[in-house]
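Attaching a single structure in structure tokens format; questions to follow.
As written, the chain order gives the labels A, B, C and D, with residue 1 at the start of each chain.
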Amino acid sequence: MPEPGLDMADRTNDFAFKIGTVNGTGSASANGLIMQAIFRMGIPCTGKNVFPSNIQGLPTWYEVRVSGDGYSARTPEFDLIVAMNPATYERDIADVRPGGYLLHDSSWPMAKEFLRDDINFLGVPLGEMCVREFKGARVRILMKNIAYAGALAALLSMDLDVIRRMIREKFAAKPKLIGSNYKAIELGYDYAMEHFDCPLPIRLETMDATSDHVLMDGNTAAALGCVFAGATVGAWYPITPSTSLMDGFQRFCERFRKDPETGERNFFIAQAEDELAAAGVVVGAGWAGARAFTPTSGPGISLMSEFIGLAYYAEVPSVFVDVQRVGPSTGMPTRTQQGDIAAVAYASHGDTKHIALFPANPEESFHMAVEAFDLAERFQTPVFLVQDLDIGMNDWMIPKLTWDDNFAPDRGKVLGADELERIKKFYRYMDVDGDGIPYRSLPGVHPKGAYFTRGSGHTSRGTYTEDADEYTEVMDRLRKKIDSAASEVPSPAIEMREGAGMALVTIGSCDGAVREAADILESQGVPVDYMRVRGFPFDPLVREFLDAHELNFVVEQNRDAQLKRLLVTETEVDPARIHSVLDYGGFPLSAAFVAGEVNERLGLTPDDRKLRPAAERPEGAVA
Amino acid sequence: MPEPGLDMADRTNDFAFKIGTVNGTGSASANGLIMQAIFRMGIPCTGKNVFPSNIQGLPTWYEVRVSGDGYSARTPEFDLIVAMNPATYERDIADVRPGGYLLHDSSWPMAKEFLRDDINFLGVPLGEMCVREFKGARVRILMKNIAYAGALAALLSMDLDVIRRMIREKFAAKPKLIGSNYKAIELGYDYAMEHFDCPLPIRLETMDATSDHVLMDGNTAAALGCVFAGATVGAWYPITPSTSLMDGFQRFCERFRKDPETGERNFFIAQAEDELAAAGVVVGAGWAGARAFTPTSGPGISLMSEFIGLAYYAEVPSVFVDVQRVGPSTGMPTRTQQGDIAAVAYASHGDTKHIALFPANPEESFHMAVEAFDLAERFQTPVFLVQDLDIGMNDWMIPKLTWDDNFAPDRGKVLGADELERIKKFYRYMDVDGDGIPYRSLPGVHPKGAYFTRGSGHTSRGTYTEDADEYTEVMDRLRKKIDSAASEVPSPAIEMREGAGMALVTIGSCDGAVREAADILESQGVPVDYMRVRGFPFDPLVREFLDAHELNFVVEQNRDAQLKRLLVTETEVDPARIHSVLDYGGFPLSAAFVAGEVNERLGLTPDDRKLRPAAERPEGAVA
Amino acid sequence: MTYIPKPAVRHPGLGANELGLHMRDYEGTISTLCAGCGHDSVTAAVIQAFYELSIPPHRIAKMSGIGCSAKTPAYFVEQAHGFNGVHGRMPALATGANAANRDLYYIGISGDGDSLSIGLGQFCHAIRRNVNMLYVLENNGVYGLTKGQFSASADIGSRSKRGVPNKSEPIDPVALALTLGATFVARGFSGDKQQLIPLLKAGLMHKGFAFIDVISPCVTFNDHVGSTKSYLYTRHHGHELVPVDFVPIRSEISAPSNNGGRTSITMHDGSMVRFRKVPEDYDPTDRLSAYEHYRSLQNRGEVVTGLLYLDPSGEDMHDDNATTSTPLSEMSHEDLCPGSEQMDALMEEFR
Amino acid sequence: MTYIPKPAVRHPGLGANELGLHMRDYEGTISTLCAGCGHDSVTAAVIQAFYELSIPPHRIAKMSGIGCSAKTPAYFVEQAHGFNGVHGRMPALATGANAANRDLYYIGISGDGDSLSIGLGQFCHAIRRNVNMLYVLENNGVYGLTKGQFSASADIGSRSKRGVPNKSEPIDPVALALTLGATFVARGFSGDKQQLIPLLKAGLMHKGFAFIDVISPCVTFNDHVGSTKSYLYTRHHGHELVPVDFVPIRSEISAPSNNGGRTSITMHDGSMVRFRKVPEDYDPTDRLSAYEHYRSLQNRGEVVTGLLYLDPSGEDMHDDNATTSTPLSEMSHEDLCPGSEQMDALMEEFR
């Protein structure tokens, strides 16, 4: 029996572990069980899937960070690794931090060359036990997963009652599965209790910090947003990591939007033949008066660009959700990145500019999804909800979503039959109110509302033109219209700190890591202000904030500093004030990396720093 | 008979006129005849087509500027208008500058309300004469065109011998048409001589300024560039204004690349089913070792963006010609703009950046087309030749193109069978030379050269990866590779003037107007330096130039200051030094507009200026 | 704005329809197509079909892509909403619009470039999806608007002139629609309004995807490969004999009004097309025999016209989806939003 | 890197081929597909076909789009050049590569999502263009790689289970290829290598576009609409019975090796597919009867396999283009550049 606790201080409710398995072996359930149990113990936690772009047989990991302080960013340092995949033993063992633990299946001996003496090996004969206790290959594979969950329960001091209750809930419809799951949990639990000094210094202790929260991924949240916003038409072409958004929309619609008696559905989902068609369906539906959206990822944005330009120029409300993955081209479909910021802002040829919203977590995914439809209809234009794989597909702890029944959707300037009847003549693209936003009519409502929508040159009256002045009039109004959205999109999230001389600026899912980095920097005697951009075109506050700081570190997850590029061109801030901190290897950002980069730019040597040195940066971290 | 010369000083070899007709009536021949005759008289001239996006029955104009000084920009001031289209009488009459001339068909009376007494009306009974002299509707319509050319010959003092020679050349294959054309010329000529005080003060006088020149449009020139560069595969989907480029390529290939005996062709043209396919054909052909290209326009760029990203990431040489038209969306297909600069620079989702070349005239179209293939193969990446409708479809006077038979194409780092045989192992994406450019192999050459090309994550060895470091290594090399092209693309054209305190910066077809504007400004006591950007990524000289001037006016033809945006983000010059002068109504830029805008920004009142006031700006000109 | 006078598509002889509307109420803006263009004849037929069916103009949605053909929705029923989208992507726009509002009459007008090249995928999938619309393909074998390149159906109208053997087949939209399971497949000829108008009316009344391929000659670029008189030939051979921008004014081609089963019609370029109407006793409800009939006559060089196939079952994409009968675009927010109670309950499931 | 052991596709019994190469010289990297995936069986057949034809590995170009199927070119003939492009656009890449170098053996591997949804237009136009290549569609009725959404051919393999009447037809690639004029049309089944290998060999040797639709079951997402056991159902209904990411390891389906004309095969989900080989005396050179034969058996619920149509005339897109026989990619600049003299002469024409 190894000596648990080797070089490890007490780390109650503050540690990270991951579970390495093979995809297709059903480990997601066990991992979810573990994560949920911690959450139900009232302890803040986040879970991240690291999975391959195939269906079965390749390595996959589930990373859990437990943080009583509520930090949610990924940390690339693991105190414990459950290594269930022999193919990745070497890598997993190398990834355990000195003094940490490796839990593995000791049914077969571990190869000598992998052993490290600065970590603790916790061998549990999972395979052996499951072969002994269960029958059939399929059940044995599945129960082995549950068994490691049991071992973890003992090692980390999870509440067994919580776990049992979860199993009961889960298999309520198939009660005879409950017994075998109980059994498997106990197998692992008992073995660990017997053979190791449980719990480990990394351990859980019940708190009350999650009772107002839920565990949810951003695609589910955004899907809910679409349902609550009243979206009725969803069109899509499957693409990782956006697929689960439409799955969610479908699921919620089947539940909330189907007449229980007639089976009639208040929604229409089109699995289109490709992304061009999906965009077309959305534009067609938006034109005809439905709230319509399509979820996609980078390659889809490229393919949709022609239609996006049409929707911009013909002024058709439409919502595009870009769940970003690693580009360019097919890139790494199961890894996260923020590489489409620039592509989305000016998508399509010619002069265009688009409203975009950048949620930082599933809570914002929900609210911004709702807002996207309002903005699309108010401004009669494509609106982009830009999230990423990390937000979209990972488990986040967020405050329970609530809904205000007084919410009334902003359908924008749509003329009804009565209004059309009253007015003398309807001109689709006339700036009647002087705010750049024209009035719109829907097909079928009234003969006076009829006009000919087109992506070719048109006048403010909606007629065809090749005349310079007539064309320019509409284009200038369009610029004014979109620019005026700057103060209507979500304003930046700003946090000022006492004595801060410089600032961290970021976007989207970098939020957690960058705010945590600000805490680290402050603890190192370097207080920094913080701004997270939440919408495009940029709120005037963005420029003000940048101007107020001599030094702005713009932290983002792409190679080419796309947010910085946008900030410089759109706010015309002096580029000399802006420094980039970039990480784009496909993993969610870590606070240590951000703090390390800032320190390095500030010329602090590693000795000056109080926390982790730069060497502990996540894979692929580059300045 | 009106009084020619009303308020008109002598303007020998320095004036502009246009001919308004109906499209489909065959006026292009007559207009070409006129233009060519002036050119053959040795006088510098340029011709611009203003045509509608349909086939028959709508107004169309041909604008000719005659400039002994060699200015080639469009001027929106017309000294004479040939108004052959009653539907546009009103507009045409309004467009004549005070003191100028309107030539019209007086077979039918001109409506009273159109008359202006500050211009000269020159009525020629063209219809009547042609009905009298010719038989058949078709011949009458065609001959009426030739007849107005005859009248112009008299009024402007064209050399009739030149015209007759041209007619003989033109109809060499069908000599019996020569007589009727002679006749038609004479009808117009004689009538004008008899009824007007010929020649007018705007008149031609033989010079010797064109003997080393040709008249050519940029699509023809670029097509020639493709042929001479050794392009063998052309793929396209028809789109105005790029169509004539492939027409030209086909024509030249039929002539130069077909075995006269066997009929075998050294080229392959694929009229693809759409732009996505055209791009795919080019990428496939580039991968297999051919020099391949596709001509398109804005909507095509949008549709091609997915493939462009693939070619960038998989490093496949490919040439894209974007003949820009007015966007966004379908926009105005027969009008010119520079609206795709931004779209092209970073086309496709994810982090990308592309080499782009910006010719200013057909001469550069030719040379840059050749260079595009060299750069594409040297850097193994998509290269964009970005011109516009004005360059592509209008008649420009350029120096005769010459060809250096010592030219050897730069095929880049391609390993042959012998080299592959010798090396130990071939790794497709390895930075062997430290210059960011890997070695390439072609399919079919040698088993050792085989590798699996993909747009998904790959290592420097060419294998699949989802690993952060391996992915990042390739992405960082790609950035380095493309950035290193900055000093290989054509360097900016720079002209410094004595005592200049500020600068005009521009791109592409704005060249003529901006250089002429510099002359105007100098004549007004405001000397300015001049820079025209010719390639992207920007040569280091670009930044130097911008930094050397407190005030840089960036002149371009789009609404959103796309060149300025690129300059600011890529050079990180302080945006405060840069001011935009924008014109985007679809007409080629005029010098008066540019000079006027600059004056206005400098706070000069109209009285301070020596030349034309701002009111004479072209339609659609906006700051 | 047009210079060349167009034949006015007015029929003063006809009175008001059931809605009290006249033919002119179904007209649009003046056509800017070439004089004699087949598409203008189709427009006239469409006007008459809507008029005869007494469809309220504003309940019509006119959808199109880009091309000469795609312009035509501007030329009929001015009081209908129109959407002239992007090239080849009309089917997606129509699908979306129909998804949002199932109660309108959808008519899509397309060209052979629009439908068979850039838009082929969308065309096929609209068939598969069985969108409730009338889809009219104005088929001229060329890309009219970009000046006469051959389209994927280039052979249409010139079967007799096929020269090179073993060249790949043109894409035949009728055979394709039959193969893909379209629920209404017909072919018409722009010059035969007598046949076309009833087909259009039937297509408009059909529930599901109604496809009509209309042979609609392009008077301007009606050339054949290899013809030395062709526009392309003229353009590609140095010395011009005719100015390249000259478009002679021609009148539309029309078929004798009471022709029987078979008619030979001379096209603008002198070629002859043999049209053959489906026989009186033809049964359009058997898909496989429709295909056989169509193909065997085609192999004999005849262009079959008429209603070729009809699936009378009357279901469309909304039936497949079980969409509610109220148009989705007209549902109130209350009907759509689950509300706070449901939200609160749902949240418990995410713990 | 794979955890689940794959059946090694080695046949030690077979000796060297004409080039002195062994079967293993035609293998690729280890498959990362699910254990039992039909695509792996196709891969094995492809390996054997190349081996038996003694084609030099480096003279093969392997083209694909994106999908599980599209990954497979990595798993055969490692010494061949491969291009795994973007989703649905393999035909264009293959056309371009073939245009550049007509002398290689082109094999394209696609999926039903890749070919019949996003890539439908490109698939049809590659047929029309008659690109000289073997195009293998690994047809499983689902989008494997994105986890089991139904594809446009969803009915394949589950004809017997069609429930809802009058739903639009699936897109049938064989009927489509026949209709569009493909010069070689066949269907195989991943489980029947005995039939598949000769078809692959014939397709590789065919000059022009050779299309083989291979029914290749997806062991993981082989579900049917409406089935309560299906993956989608499990995923969409709150309480899970089986972990959503559990993929049971199954063995590939194979047909009895000496089956006669007709065989019924049970799929992983228990459904039965009735395969029917074309009869011995079948004449594959008549396109219209091929279509009839295919369709009528299909209407009886049978999936016809074998060589359905063959145009033996032996022309391809290069013949249509009269391309020179030397691959364009190998032409020297001297052969391609007109040179200064021609330039000077040409300039005189622009004055």
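Convention: contacts are C-beta pairs under 8 Å (C-beta built on N, C-alpha and C of every residue); 3 or more make two chains touch, one makes a residue touch a chain.
Because the structure is a prediction, the values reported are computed rather than measured.
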Chain pair with more C-beta contacts, B-C versus A-C: A-C
Remotest chain, chain C as reference, centres from CA atoms: A
Inter-chain centre distance, chain C versus chain D - centres from mean C-alpha coordinates, in Å: 33
Chain centre separation in whole Å, for chain B relative to chain A (CA means): 45
Gap in Å, rounded to a whole number, between the CA centres of chain C and chain B: 36
Overlap residues in chain A, where contacts from two or more other chains coincide: 52-53, 273-274, 299, 306, 310, 329-330, 454-456
Residue numbers of chain D (touch at least two other chains): 86, 117-118, 120-121, 124-125, 129, 152
Complex interface listing, chain B residues touching chain C: 22-30, 52-59, 85-87, 137-138, 141-142, 145, 170-174, 177, 237-240, 243, 247, 250-251, 254, 271, 273-275, 299, 329-330
Complex interface listing, chain D residues touching chain A: 1-4, 32-35, 66, 68, 71, 86-88, 117-118, 120, 143-147, 149-150, 152, 220, 235-236, 239-249
Chain B contact footprint on chain A (complex, rising order): 52-53, 298-299, 301-303, 305-306, 309-310, 312-314, 326-335, 337, 339-340, 342-343, 346, 348-353, 454-457, 465-469, 471-472, 475-476, 479, 558-560, 562, 565, 568-569, 572-576, 584-587, 618-622
Residue ranges of chain C in contact with chain D within the complex: 117-121, 124-125, 127-130, 152, 164-172, 175-176, 179-181, 183, 238, 288, 291-292, 295-296, 299, 311, 313, 315, 317, 319-320, 349
Touch list for chain A against partner chain C, complex: 36, 39-40, 213-216, 220, 224, 227-230, 232-233, 235, 252, 256-257, 259, 263-270, 272-274, 276-290, 292, 306-307, 310, 400-405, 407-409, 441-456, 464
